[in-house]
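Each of the next two complexes has subunit A plus one more chain, namely subunit B in the first and subunit C in the second.
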Partner chain A sequence: MTHQHPFHLVDQSPWPLTAAFGALIMTSGLVVWFHLGTITLFIIGMLATTVTAISWWRDVVREATFQGHHTLVVINGLRYGMILFITSEVCFFFAFFWAFFHSSLAPTVEIGVSWPPTGIDALNPFLVPLLNTAVLLSSGATITWAHHSIIENNRGEAVQALGLTVILGLYFTALQAWEYLDAPFTIADSVYGSTFFVATGFHGLHVIIGTTFLAVCFFRLLSHHFSNHHHFGFEAAAWYWHFVDVVWLFLYVCIYWWGS
Partner chain B sequence: MALALRTAMRRFSTTSWRSSAAASEQIGLAAGSADHGSAKTWKIVTFIVAGPAIAFCMYNAYTGEMEHKAHHHQPEFVPYAHLRIRSKKWSN
Partner chain C sequence: MSSDVKFDSFKGRLASHGGSAVPSGLSATTVKESPKLIWAQNPHPPAPGFWDDYPRNLVKKYQTYFQKSDGLPVHLKKGMKDRLIYSSTMGITIFGTIFACYTLYKMTKKD
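Up next is the complex of A and B:
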């Protein structure tokens, strides 16, 4: 399609609609699971949302890499979009940190006027949580190495560095899963459990999402989708990954360390 | 006035398009020359700083957890009201 302007007027697509329905069915399914016990609706919603995500982003890659629609102007718009999205995620996590500080700065008499509450055996922040911090900070270094390698057209090192980043992301998830299973307290153990597992749980979900994004970039890198000057998909993944790292640093300092 | 506005917009968009393209080319060139070796820097940080840090933390966490399991005894069970909250029918 030839046009005398640098903008991308997208073709009609069913994915925005299926995304909306998928998200509605997924969240409604979550409510049904919590209150009525059946998980079916949630699974259907999650499948619908996942298929939509794969289809929609597959279409974006096709439009950009294979059809050449992503001019500098279009990429600029995508930059704004990613920045705004990450900002909204900052607001999301801000709420859970507010909840944590609301309960921990002035512990009520019902939990023993102490934080951690009476009877709670908090995790030692200098064992696995410290390892998790080292893992995520290191992944920030490896992804920066990958980015510079892409810019310098060093394909071999870019693959190595991005691969290491994905591995570190998976290692973090495995460590957190072990911590969750091994923890002496559960989500049902007073507001401590609630704030701990909701905040770290949503963070873990974002790590999984970020790792998936990075893995997609890894396979796109192998498939020669990126050039040394055009690799916005990778940049967006890197921004998201740094955000996930920063959230962890706040979690570590406030909840794991100060809150123990 | 509408014609003047359209002409002005067209001139603005082509100028900004050209200058942004030139600017990004400059940035690209600058990035290429000034940051050459920057990938090397982060490769060094990865293997010289991050690697040993992770290795140390792995060792520290492993020995710490083993020690914890060895001497930690299960505390006396106290049925505190604020713990083990069960507000949904599907839990145990």
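Up next is the complex of A and C:
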């Protein structure tokens, strides 16, 4: 197969179709679960979406590492794609912060004209949340260590640093789960509970996605998929991880600290 | 002014005529050249370690495999295993879509 151009013309693939219908099944499944209490359709939707995601990204790895379709021009396109994706995620979190400040800067009479609302016992920001801040900031350092090790062809340290980053991501998720179980308020406790759990919950979801992304990079690193000048998959994961880290700093300062 | 350094009226500056070019009262200094800079080189190249060969590098093998011209699209390139994943995902999706349409239709009917 010879090309006269640097672009990647993709093969026909079933994954966009199964992704779209999988999402339809999953959201319909949620509606059915909420109304009738049966979870079957939701599980079918999750299964279709998960298998699609794994297979689609498996194909991207095949195209990149095994077929050599990711030329500099293609990687440039991926770079723009990742930047646009993270920008859209910034807008997503911006909306949650807007909701939080809308409710907290001028608390209504219904919640006792105070923030946290009357009767809400907020979490102490200098206990587990501060530890979580330290964990995420440390993971930002270890991922930079991993990046420099990849650039310097130091495989041993790259494996060590990236493995440590994944472990720190898992530790953050565990601490956050513990904090949720321990919280003296729920998502149903006034607008405080709603804004708190929606913002920190979606951040937690992003940490889980980011940890999965990093774990995939870890196994790709073990499988010799990254060279010192060709490792955009890792860079994209690192960008995403730093984004998740920065969102946490805003959450910590605004919602946990100022908001308590 | 030392005898071998004279004012050159044509050039408008001090000029030496052999011997030391250093004016009296000043000591001669040697210009120290900074060491030659070498760019783009790892100052501490890692010693060959355990992780260099572990796990075994199979990239070349897979590159040969996935680049053979068999006319198959990338999602079916690995044969039976790929066909199984493809057909089962399609099966789950088709079944789920019909099931979703059926359930949502049924929910519109009041008991």
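Couple of notes before you dig in:
Here is the rule we go by: the second predicted complex is superposed on the first by the 258 of 260 C-alpha atoms of A that agree within 3 Å, B and C clash if a C-alpha of one lies under 4 Å from a C-alpha of the other, contacts with A are read in each partner's own complex, and residues count from 1 in each chain.
What we mean here is this: a contact is a pair of C-beta atoms (placed from the backbone, for glycine too) under 8 Å apart; a residue touches a chain by one contact, two chains touch by 3 or more.
Values in this document were obtained by computation on a predicted structure and should not be read as measured data.
Legend: residue contacts after superposition of the two complexes on their common chain; A:Phe126 is shown touching subunit B, with no touch to subunit C.
Look at A:His35: by the touch rule set out above, it reaches both subunit B and subunit C. In the superposed pair of complexes, A:Glu157 makes contact with subunit B and with subunit C alike. Contacts of A:Ser55 after superposition on the shared chain: subunit C is touched, whereas subunit B is not.
In the superposition on chain A, contact of A:Pro16 is made with neither subunit B nor subunit C.
Within the superposed three-chain model, A:Gly81 lies out of touch with both subunit B and subunit C [touch as defined at top].
Common to the subunit B and subunit C interfaces on subunit A are residues 35, 152, 154, 157. Remark: subunit C residues 42, 46, 49-52, 55, 57-59, 62-63, 65-67, 69, 73-75, 77, 85-86, 88-90, 92-97, 99-100, 103-104, 107 touch subunit A in the complex. Here subunit A touches subunit C in the complex through residues 1, 10-15, 17-18, 21-22, 24-25, 28-29, 31-32, 35-36, 41, 44-45, 47-48, 51-52, 55, 59, 62-63, 65-68, 152-157, 159, 222-225, going by the rule given at the top.
For subunit A in complex with subunit B, the touching residues are 6, 34-35, 37, 72-73, 76, 110-112, 117-121, 124, 126-128, 130-131, 133-135, 137-138, 141-142, 144-145, 148-149, 151-152, 154, 157, 161, 164, 185-186, 188-191, 228-229.
Only residues 17, 20-21, 24, 28, 31-32, 35-36, 38-39, 41-43, 45-46, 49-51, 53-54, 56-58, 60-61, 64-65, 68, 75, 78, 80-86, 88-91 of subunit B touch subunit A when the two sit together in their complex.
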